[in-house]
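There are two complexes below, and they share chain A, which is joined by chain B in the first and by chain C in the second.
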Partner chain A sequence: MRTYPHLKGSFRAGLVALALATACPATVQAAGTLVVGMTAGNIPVTTGNPDQGFEGYRFVGYNLYDSLALWDLSKSDKPSDILPGLATGWQIDPANPNRWIVKLRPGVKYHDGCAFSADDVVWNFQFRMDQKSPNFFAQQFAYTRSFLTNVKSVEKVDDMTVAFETNFVESLFPYSLSYVLMVSQCRLKALNGDWAAYAMQPSGTGPYKFDKMVPNQRLELVPNTDYWNKDRIPKQDRLVLIPMPEASTRTAALLSGQVNWIEAPSPDAIPRLKSAGMKIVTNVYPHHWPYMLNHKRGPFTDLRVRQAANLAINRADMVEMLGGTAMEDHAIVPPTVAYYGNPPKYAFDPVKARALLKEAGCLPCKVTFGISTSGSGQMQPLPMNELVKAQMDAAGFDVTIQTMDWNALLDVYRAGVEKFPNYDGLNFSRGLLDPVNAIIKQASKLYWAPAGPNWGHYAHPDGEILVQKIFNEFDPAKQLALLIQLHELLGREAMMIFVVHDLNPRAMSPKVQGFVQAQSWFQDLTTISVAP
Partner chain B sequence: MSRYILQRILYAIPIAFGVSVVCFSLVYLAPGDPLQTVLPPDATAETIEIVKKAYGFDKPLPIQFLIWLGKVVTGDFGMSIATRRPVLDEIIMALSNTGMLAMFAIPTAFTIGFLMGLLAGCFPGKWIDRGVTGTAVFGVSLPNYWLAIVMVIIFAVELSWLPATGMGPKGSAEFSIWRWSDTQFLVLPVITLSMIPIGIISRTTRAAIAEMRNQDFVQTLRAKGLSEFAVIRHVIKNALPGVLAVMGLQFGYLLGGSILVETVFTWPGSGFLLSKAIINRDVPVLQGTILTLAIAFVMTNLIIDLLQSMIDPRIRRG
Partner chain C sequence: MSQTATLPASPETFEDQAAPETRIRSYWQSVGYRLRHDKMTLFFGSIVLLIVLAAVFAPLLAPFDPYKESIIGRLKPIGWRNHTLGTDELGRDMLTRLLYGGRVSLLMGIVPVIFATCIGGMLGVMAGFMGGRVNTGIMRTMDVFYAFPSVLLAVAISGAMGGGMMNGMLALTLVFIPPMCRVAETATTQVRSLDFIEAARATGAGTFVIVRHHVLGNVLGPVFIYASSLVSVSILLASGLSFLGLGVRPPTADWGLMLSTLRQSIYVVPFVCALPGVAIFVTSICFNLVSDGLRAAMDVRM
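Showing the complex of A and B:
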């Protein structure tokens, strides 16, 4: 993890602090209160799985609730992986590879005092999956559906054991268990099944309890001192979450002392924040900013054109433009991920790129990319796309950029290339949390859009075989070897134009202590204390 | 008079209906799915269909509009797609927060703007006129989001005199205008919001006063030996209907909130609510807010028309 501790104990910073303490007492936070300026446009929903992308999980979902499997966020030097959460373990049924037996953690209680049991697990999956369930909640159905496509049924074995039946054999199934947050059946029953009322009185098993919310403005959580994992009882007195979608507003709020933590400061604000003594932390995490390519028709069906596009990108320039808040991307996942392997490195080589285009008979090579003006994980899409266009044009491409808003891009992405054949590529950032979402869904026909997220309908015979082998391989070492093969194949195939991985910058007051930035979209806030 | 009022209220009904049709259509003309806040990026076609059905978006658009309209006339604006809270609650909260800004911005803008215009109109061509006109042009031309950011940098970040964003240390729920710790959050947004109306009102007032001062009746008043103060009083009364019309429009503008100003200051008002609804395609919130603001605008204009007709009976007769 790279950190930028407050640079100099400058006289100016001292003056600012003094002025804040005297002239503006209302904006100074009490000791032990962590006040976060989120990029979200609103407070993430509190009714279970949140909205607002993974930021919603980071600040609300995994704080109020737990899932059966939880992400290990305790280390910054290696990628996060799943650990037992509300489950103590899981194993495949020796008699049936489509059945997973999950043992539950005893002695866990919801914030409302009700005990957590197998009945809760079955109910939690039912109200998200079964439209006939009396508590069926369309919002939660939508938020969790893509994680549950392989869940056929859930049944109670005994009070502390459940069994999941899957539609097809999937050795990586336990990752799915990390995305479903366990809501209190007890609390919803007490509120007569009213989900709107539940949103204002949510109850989970997580390390934080709901304290109060001013809709659209702020959510306040307090430590759950009875949390089952004693190592993760929050060290701060209170966690306040404030939506601040404007980057300049977040920066001003941090500099003026209204918040002591902000997400995603814009790169050009970082020098100013550092000069004011703020800490800037970054770390690699499973994110990438690529162009998904049209593999059905057009220039990118030719491997040489895809390779040329990757060779045309000067990633170092891009990183410099982003003020060092990104790292070069040469394959799908970042190099710290266990199954990275040894994919080719697409070093900047415009001469070779032009030669490949000539060989492919596509010079100048006209291509059209769909991009958005903003959006979840899209970083700084306009200047970044302009730079990519300039670099590719210089190497023999003739890039046309079609700009749209985030909603329109989502429509194009979900529908796939069959409905939008006019696009040769789509600039769409992706979360790469687990192997299924990171590479498997991009490598197989099973997930061709609109049935899945493989927008460009990529497929390769070797890839299909590898996917089947991975799903049927339960030995971790052998499974890892297969995943490496698949990742290397996708890299060799240049299935996307790889550009950069975001480094997830966040800025915080020097008073914020004890934060370990995990290599994840999620972060553990329980370790943080705020000095008075 | 009562017939005139009734007539104007009846005019307001088709206007409100027209606005609701236009805003409903515009929301659907824009690309993107109204359920995008609910749907994950990799939602499959099957998921989209099930969710559309659950939220009632599977029906033809005219039917959706009629269902919405039917509920609206009974006071039910539906539920927000994003938050699942009643839209009416969201609108009431946002409007009351914007109202808080307007409560301070309106008297500030109207008083300063009118006085500046009056002074300039009374001394046309003099240094005071040039000064006021220059200031008014500056106020009108200044992009208010830019002004907002600059003021935040100066007064919140550099000087630490005022807070940068939000609505008090505990949000709007515990906001009190009697506590400085809360009211200090009003200062920068109110100044920013007032700048454009100050410019517009002062220019309108200046033009109206200057024009009236050249009318024949002013010469007559002077010839009758009235003091300059008494003459100005008559001039103001005759200039007022035009100024009031502009003030009415500015009142509506301030009441509707400013998307840009409220976004920069994270002020949870109607402008901020609208911007979030637009970004998230939260159709029920968008429709409800636009309709409410449109009705507020129509009602404001109605009140201004009535005030004008009270001041100048010729308008009523016309």
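Showing the complex of A and C:
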């Protein structure tokens, strides 16, 4: 028999290495270190407002930085709303409904030791909005543009007060303040205005401080023990963030102990994770997985076709396919949201759907949907879209699915229906954090793409009137009543094909303790401790 | 007991001697002879034939509708009820989807290679035979495409043109043209300076006649061998494009796309999830081995 003596040594060495790797896995973590497998494809940028969708805000943005208004993430039993953050309060100028006076929180310091003041707020808005600003940063301009559409100017009133001038009266303006993260002017000056250098030495006022980063691989944050809100000083020693866009990779990483927390495990992997003793947490949050429709041309300009599409969807089957990690969607926001009201419920009725299509003269009704193969909040886009197609085809539609990369879908979405008229609908998941982004921007011409996120150019005379009334109404109770009317109108109008709300599953090691899953895209990680 | 062998009587004259039996085979007969005696190639060739037949006759062989979903029956193991190979994430029959998927995968494996062979081969022969500036122009243009890895180039072209089977096939055709052109150009360059070409020229034969009768015959062999080896690469690349969502559109049955959607369910029915990968692996390796056999049979030096 032929032997290979020169390979024997290598073979033995390999066995030893394998045995060592099995006995002493390199994945053992120090006590108190929370290691997160994110769905993001890369580490979110650290230069202020992050990229990578709201996951970037969840793990990097709101940990390194604060905004003037912060989201209350302390409760799991009701939807999160904003509360004072770096501002202690805000009020409309009694003499000018276009002017908001914001009082700032005293005694707050950046991680670099510099004090936070009104100058910082003015500078933070300038470098994002004013192209003549010496520190103008195009990246941050792009990331915050959609939140600043109604900011005309920002001025310092005194060291602890700023005033915002808006383009039009907007009673819900404070929500915009929650999306602009306060970067340290002091640190950027020390780095001679070099944003690339700042990315590796960022400084905010948030509950975590930057420690180190291996680009494209991991970001490590440590607690800010001088944080202004003593209740939110992190209870773990270290927070490590690792981008893992592939769901199977995240699952394997959690099972092997490489991480102790993963975002969005595949529904089919959940039983396996449970059997390994992992904790699975879910909660309603302001998300929905709909099809935004073309309201300019094509079959969906007819209300009957839109209603037929909603009646054709068997949402119970969809929830079943997703292993119960979603809930049925019949309007825009989930029923837990205060302004849900009483929109119609689109129960699965393919016979009625077919009758409506016949009445509308569109049978079979050929429609084309643009979908992505993955993406932030897109859940399991391929099988979900295949199921929707099968259900709609069975009810009289003839659906063509056009797949594209997530960034390509974002381009189609941002450009709007005028530039891409060949799509009758886009499968685009949405964050519904506040009423402006959830329903107002979908109901008004003011926000038609590309100026806003109303992709299909939907408009309704009653909706326009309601939007104006809401913006001019400062009484919370009356404002809520108007919001309910608007939400019910959008539901009756079947302005989208409503499918499901994600229940935001995440899996974690049993050693992870103290997590409260807020009904939000953002989460408070400071309460978490990790047992050794 | 002794035995005596009786030799046939020797022919009396030289004319009575019969000529020895020799069979002079043509090149293609020789190729056929070698192939018939190459058991390995025959074995893998018969598997390829089976795969092709199964794909062609999928509508007759498939036990279920490839698009009929059943949420109750999703992700069932091999042998569940009448589903010989289990069901996928939407409860569709895996055997049916694999049979139909073979049609797309084979189509995307073979069609781009045929087009690339025609276009790349023609350009290569032109470059090799004409030489000079024509050669420089064609081959340097091809070098530009060579600067990109084939997978990256296919993804980039598909990404720019959008998903879909036609765009996928177009992208793969563009990817395969440069290497095919290079092979044809090299073979033509070797042939064009040989004596018989000079002889043909001396007899007054035109360029077209020389290329048609004297060059192509000598170039087609290497081009054909190379093309056959590209089929497996094409199947793999096409599956990769579908896996990335840049190939066929859902819910079309395609092995790459099936692999992509089923990978999330690997913890539920691992063997079912592996089936599209097995199909891709078996098909591409069979094509590769058949291509190796063809190369051996067609190489006159071996």
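Here, the second predicted complex is superposed on the first by the 508 of 532 C-alpha atoms of A that agree within 3 Å, B and C clash if a C-alpha of one lies under 4 Å from a C-alpha of the other, contacts with A are read in each partner's own complex, and residues count from 1 in each chain.
By definition in this document, contacts are C-beta pairs under 8 Å (C-beta built on N, C-alpha and C of every residue); 3 or more make two chains touch, one makes a residue touch a chain.
Bear in mind the structure is a predicted one, so any value in this text is a computation, not a measurement.
When the two complexes are overlaid on their common chain A, residue A:A253 makes contact with chain B while staying clear of chain C. Looking at the shared chain after the overlay, A:S80 reaches neither chain B nor chain C. Once chain A of one complex is fitted onto chain A of the other, the partner contacts of A:S171 are absent, as it touches neither chain B nor chain C. In the superposed model, A:M321 lies in contact with chain C only, and not with chain B. Contacts of A:M244 after superposition on the shared chain: chain B is touched, whereas chain C is not.
When the two structures are aligned on the shared chain, A:A269 is found in touch with chain C, with no touch to chain B.
Of the two partner chains placed by the overlay, neither chain B nor chain C lies in contact with A:T282.
Legend: residue contacts after superposition of the two complexes on their common chain; A:S203 is shown touching neither chain B nor chain C.
In the superposition on chain A, contact of A:N63 is made with neither chain B nor chain C.
Looking at the superposed arrangement, the partner reaching more residues of chain A, out of chain B and chain C, is B. Residue overlap on chain A between its contacts with chain B in one complex and with chain C in the other: 248, 404-405, 408. Of all residues in chain C, only 67, 69, 71-72, 74-75, 89-90, 159, 162-164, 244-246, 249-251, 257, 260-261, 263-268 touch chain A in the complex they form.
Residues 247-248, 251, 266-269, 271-272, 317, 320-321, 372-374, 380, 382-383, 385-387, 389-390, 400-405, 408 of chain A touch chain C in their complex. On the chain B side of its complex with chain A, the touching residues are 30-33, 35-48, 50-51, 54-55, 79, 82-86, 89-90, 93-94, 149, 152-153, 156-157, 159-173, 181-182, 184, 263-266, 268, 272-273, 276, 279-281. Those residues of chain A that touch chain B in the shared complex are 16, 19-20, 23-27, 41-42, 45, 47, 51, 131, 138-139, 141-143, 145-146, 149, 195-196, 199, 214-218, 242-246, 248-249, 252-253, 255-258, 376, 404-408, 410-411, 413-415, 428, 441, 450-453.
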